[in-house]
Amino acid sequence: MINPDAVMARKPEEVEDAIELARAAGVSEALLERMGGYTGCVGVLDTGRPGPVTTLRFDIDCLAIEETKDENHLPNREGFASTRPGLSHACGHDGHTAVGLGVAQWLADNKETLCGKVKLVFQPAEEGVRGAAAIAASGVLDDVDWFTAGHIGCDAKPGRIGVSHEGYLATTKFDLEIFGLPCAAGSPEKGHSALMCACNTVMALGSLPGHSKGITRVQVGKIVSGTARNIVAGHAYVVLEVRGESTEINDYMAANVETTVKGLAAAYECTYKLTRMGEAVTYKGDEEAVELVKAAARDAEGVTLVTDMNAKVGSEDCTMLIRRIQAHGGKCAFFYFGCDHHGHHRPDFEIQDRTSLPVGWGVFTGFVARTNAR
Amino acid sequence: MINPDAVMARKPEEVEDAIELARAAGVSEALLERMGGYTGCVGVLDTGRPGPVTTLRFDIDCLAIEETKDENHLPNREGFASTRPGLSHACGHDGHTAVGLGVAQWLADNKETLCGKVKLVFQPAEEGVRGAAAIAASGVLDDVDWFTAGHIGCDAKPGRIGVSHEGYLATTKFDLEIFGLPCAAGSPEKGHSALMCACNTVMALGSLPGHSKGITRVQVGKIVSGTARNIVAGHAYVVLEVRGESTEINDYMAANVETTVKGLAAAYECTYKLTRMGEAVTYKGDEEAVELVKAAARDAEGVTLVTDMNAKVGSEDCTMLIRRIQAHGGKCAFFYFGCDHHGHHRPDFEIQDRTSLPVGWGVFTGFVARTNAR
Amino acid sequence: MINPDAVMARKPEEVEDAIELARAAGVSEALLERMGGYTGCVGVLDTGRPGPVTTLRFDIDCLAIEETKDENHLPNREGFASTRPGLSHACGHDGHTAVGLGVAQWLADNKETLCGKVKLVFQPAEEGVRGAAAIAASGVLDDVDWFTAGHIGCDAKPGRIGVSHEGYLATTKFDLEIFGLPCAAGSPEKGHSALMCACNTVMALGSLPGHSKGITRVQVGKIVSGTARNIVAGHAYVVLEVRGESTEINDYMAANVETTVKGLAAAYECTYKLTRMGEAVTYKGDEEAVELVKAAARDAEGVTLVTDMNAKVGSEDCTMLIRRIQAHGGKCAFFYFGCDHHGHHRPDFEIQDRTSLPVGWGVFTGFVARTNAR
Amino acid sequence: MINPDAVMARKPEEVEDAIELARAAGVSEALLERMGGYTGCVGVLDTGRPGPVTTLRFDIDCLAIEETKDENHLPNREGFASTRPGLSHACGHDGHTAVGLGVAQWLADNKETLCGKVKLVFQPAEEGVRGAAAIAASGVLDDVDWFTAGHIGCDAKPGRIGVSHEGYLATTKFDLEIFGLPCAAGSPEKGHSALMCACNTVMALGSLPGHSKGITRVQVGKIVSGTARNIVAGHAYVVLEVRGESTEINDYMAANVETTVKGLAAAYECTYKLTRMGEAVTYKGDEEAVELVKAAARDAEGVTLVTDMNAKVGSEDCTMLIRRIQAHGGKCAFFYFGCDHHGHHRPDFEIQDRTSLPVGWGVFTGFVARTNAR
């Protein structure tokens, strides 16, 4: 289900460390070998009966954010807080995973009422929008007729479902390394400062022109360059992303990044390596799928309100799956299921496992009950 | 005496205008044709007797500075102020010219006491250090044994002669044109802003690294770009200069300018034209020549003090002549003859024609009296 | 009808010149005195009968664009091209004026069928969005119940009317002067370069952050700084504009410009003068007024299609009138009436006076016939 | 001997760690308490006889450079390589220390031949030019009549002594912290990017104007800002230094840094903390002291050549001691004693302990034998 050629931003040392952790946690060598260093899985229920192929996607990855120790924090009170220092599910993907497992249980319990196939995608690396592209590129979803995915929280209040007709900004994530020539500061003519090159590149990237057709965004999130006060820096590391209101606009921005970086490196007599670390496109739902999600939402237990939510902010890499599925004729929709939280990507992010997750579960199972009813 | 291939920053329209002015002032067609649009001249006294070749250089050009109307201004009081609006000799080159003509008179009067040859170079375009390179390249001075030149004013007080052993910064003058792609500001993706390219180029040039072996300098003196608020600028014009404590350092700076400009243009998808508008090197006098100037200065009428003046500031393009002459084995020196002034390149710059010019004349004639005595 | 305190970007010398031109063209001293140096006028038809106050706005200004001499250019063929060198109505405001005069004629002819009041605003200085703010601030439109205005051309094809529900970007136009301290380049420590300050300010403005709620835009259109290669520049002139998808976003951008300019000037030890040269807000029509325009459009002779046109591009300062009128309870709408053209603000911009103008006239008169029918 | 108020760039955690290391290495609690967390010491030999006060200075600190493991590296061959990972004396200060101890032994052995007092300053923190200022400020050297210090290596060949009449660039070392307001990249209007502020500050610092009176230098050696791609950076850390050919020029540069940093922070709505981390001035020796060093050098065993070495490069904080001593009437000189090395501040820097150190020892003891002979 993963096309290794399309995997972005893979760091072999991190993979090795993770395999060791898995081994220490009791994962069998056989399974480790079968996984080949990749996480994520696609579970398929084939009813054996003719019918549509429906796919539900659940992202499973966590963040490099240490969970709060506050004793009032719900996961601390109830004992399901992260057990790994420095890492936690501060964006609710653990809730998504739980919902997906619950859906799998429901599918097993109700398979006699269904026809066609149901694929459950447990996707790694949504953070950084790195994981979906490689799944899409594997072709595992090319036969899909119906698709939905959802996210907990965001602007949705508890008990509410927001169904999205369109939204998300297209985005490309870049890591840039600049290689200059280090030298003693007293003989600046002997070197080429990667630091000066990087700072000017940041200024040039920050002032990239916009686009008449919509929102553009450039964000340089991190810069690290240089070793000591009196050494002309030989290396710089810059982390950035661009976004666009449409995929076309984002492609324009990404192309501009490439041109700018190349020219600035030449101006400072540096070389560089510019790597695409993640990618997502915009979302445009199919009305048939959106209507099915709405219908499932209205019938789901615990839902008090179903609304339209079409904000053109943020990015989601299930859009990479959706683009692929739509290109093969499938119909797709995306929705939000509410919970009470203090903000995503925070140490005190929390979800209500007993009230919020069942609502999401209800929408997913209701969707399948409609698309794949026998 | 001019090598046209080595002429820098020539503007054909200005030449045409100047020819018209000369014609209107009564210059004959025959002379105009003979001059071929070039000013400057080399007068040669050949005594017919064996002996050294000595060259004295006098720069003759003016500045685009309107002379003050202040009635206390000496040239206004005495009736020798500039008669052309917008132009004046605010750096004393008219005084140099007068001294040169006086020296020519002295040579004619005293030729029977001399041997060898004496060449008087009346050089155009010292301002902007544009004129000397083409004279040097003509080869007219390749047989010179002794050379001196002087400048009125600067840090020399009235009655004093400052003789220079070494000094001046090497310099290269550039004009940069950047060609982008203009477009309406509402559709920035359709254009490439020459203005943004120019501003970033200025920042990059301003932050060029220095050199361990001495002073470097970059100065952007002028920028003009764009037409209207809501048009992405298609053109930019940037005027700059670099300097170095040695010719090697200046060459390093000039090479850096070229690399930087090229890279920045590429970064902004612009093209450019970078033109060398002037050039001068550093000065290192020959002790034999310096001593002869000192001796002449000590004996000149009106001189009260002879000092060494070796400031590493400013630039002078007679260094281009000196470099050529020294490469052919000639000996060179440079000196300052003082006057009372308010500062060079000012509307109220003035010189004392009756006291200062004779002192300069005394040094030049005393130099020739020593080098070419029969 | 003009509040002098709210007039932006007024240049007294230009006003003097224009008065002289008017005098030379035979305008009486009495009228010149009455106009007080301001152009524009508000014509009011008071029927004497109770009824609503309706306002139509026609902008009358031209552009600093020389009209083409091409003999195929319609205004050249038919003899109504601009007679003043360097100036022409390259955005069709002469057509707007003609329509307005035609509407005035119609009002005079049909006043017995109308009630209430009709105000015809002939507005100066729409280009640069400078004129409307001062008219709004005069209060002359505070009693308006219905308002409409239109623009010829843009994306509307001949015979078509595009009615706008919402659109336009809010914008603020700035002129920035930076005052440094000029000095000889050889002693850079004696000056403060306005040129370096300006270039870095441009870089900082170019990289202003965006806004989560929509499109932002910064455009520096012009920069002029410095006098000579070897003089540290004492003055810089920068022309720019910001835009925002909402008035709130534009205000955010304009505030950022002020902060940035202030900080950069301090960093370079310069002073500055930042002047607001124009301003426009976004447009949000009132449905009642939009429907009346649509109805008038459908009935107007020569109209082949009525569409909705809601592009969020460009800016229009009738939005300043609309904001004021809406704040007092009036209902407003904006529309486009098509013509065949090669692009606005071009030397060869042309309109079809005999087919396009009547269509616009038909919409305006039909609007009044509906709002102020007796 | 240390004025705590004048200590620069002290990091309490590092001091704590170092105390622990000392304790582990067997340093007694009594000594630790007496040192109070400061290293360095001044040893005084008071002969009890009237006579001059002479001071010799030896710097004792190391660098954060891991020594090479190459077995051909002399310290590895002979067993005196650094035993602490990540740290080594890659600039020869261990050699200076050894020479100082040897001089102390000589003083003890020869005290009967001497008069006056001799102070041996073992100075910490020469790297980063941080240590001398606090010693100078303590007043411990205010009674000094004669002073010398030396450095191993640099441009001096083995067996040669270079005596310096003048040299070194004045320098100030700065650490800059910028505090912005972090926020999610999707809502850039909620934050202020310390990263953008830092990059533009680097560009502005890089393009600081020069000075007519000599060399200026700015070097930004390190920048670290930001945490993640999609977070607007709330903090930036920038490490830089300026230099000047004279103390006046360096002060001008340092003042410009302060002005620039303040303005840029304001432009980006950030706050900042700019800390002086080190300082050194230029060196101008006293001829009497220089001559004594030369005489001592000519007589020292193993010396093959004594030359003048006056390079205006690099910086040395014993200039802070010299400035203080000269202000109180003392006479000072500085010299280099040669060795065979691959370059300072390199993992493979090595000195010849048996041939080079004795030469340095010879100069120091010869100097005292001349200044304080009974």
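Think of it as A, B, C and D in the order they're written, each chain with its own count starting at 1.
Operating definition for what follows: contacts are C-beta pairs under 8 Å (C-beta built on N, C-alpha and C of every residue); 3 or more make two chains touch, one makes a residue touch a chain.
Just so we're on the same page, UniProt names per chain: A, B, C, D = Amidohydrolase.
Not measured: the values here are computed from a predicted model.
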A-C or B-C, whichever has more C-beta pairs in contact: B-C
Farthest-lying chain, centroid of Cα atoms versus that of subunit B: A
Approximate Å spacing (C-alpha centroids) for the pair subunit B, subunit C: 51
For subunit A paired with subunit B, centre-to-centre distance based on mean C-alpha positions, whole Å: 65
Whole-Å gap separating subunit A and subunit C, where each centre is the average of the chain's CA atoms: 45
Multi-partner residues of subunit B (at least 2 other chains): 186, 188, 196, 200, 203, 206-207, 210, 212, 217, 232, 313
Arrangement of touching chains [line / ring / star / complete / other]: complete
Subunit C contact footprint on subunit B (complex, rising order): 128, 173, 184-186, 188, 195-196, 198-200, 202-203, 206, 217, 219-233, 239-241, 277, 313-314, 345
Subunit D-touching residues of subunit C, taken from the complex the two chains share: 186-191, 193, 196, 200, 203-204, 207, 209-213, 232, 252, 259-269
Residues of subunit A defined as touching subunit C within the complex: 203, 206-207, 210, 212, 214-217, 313
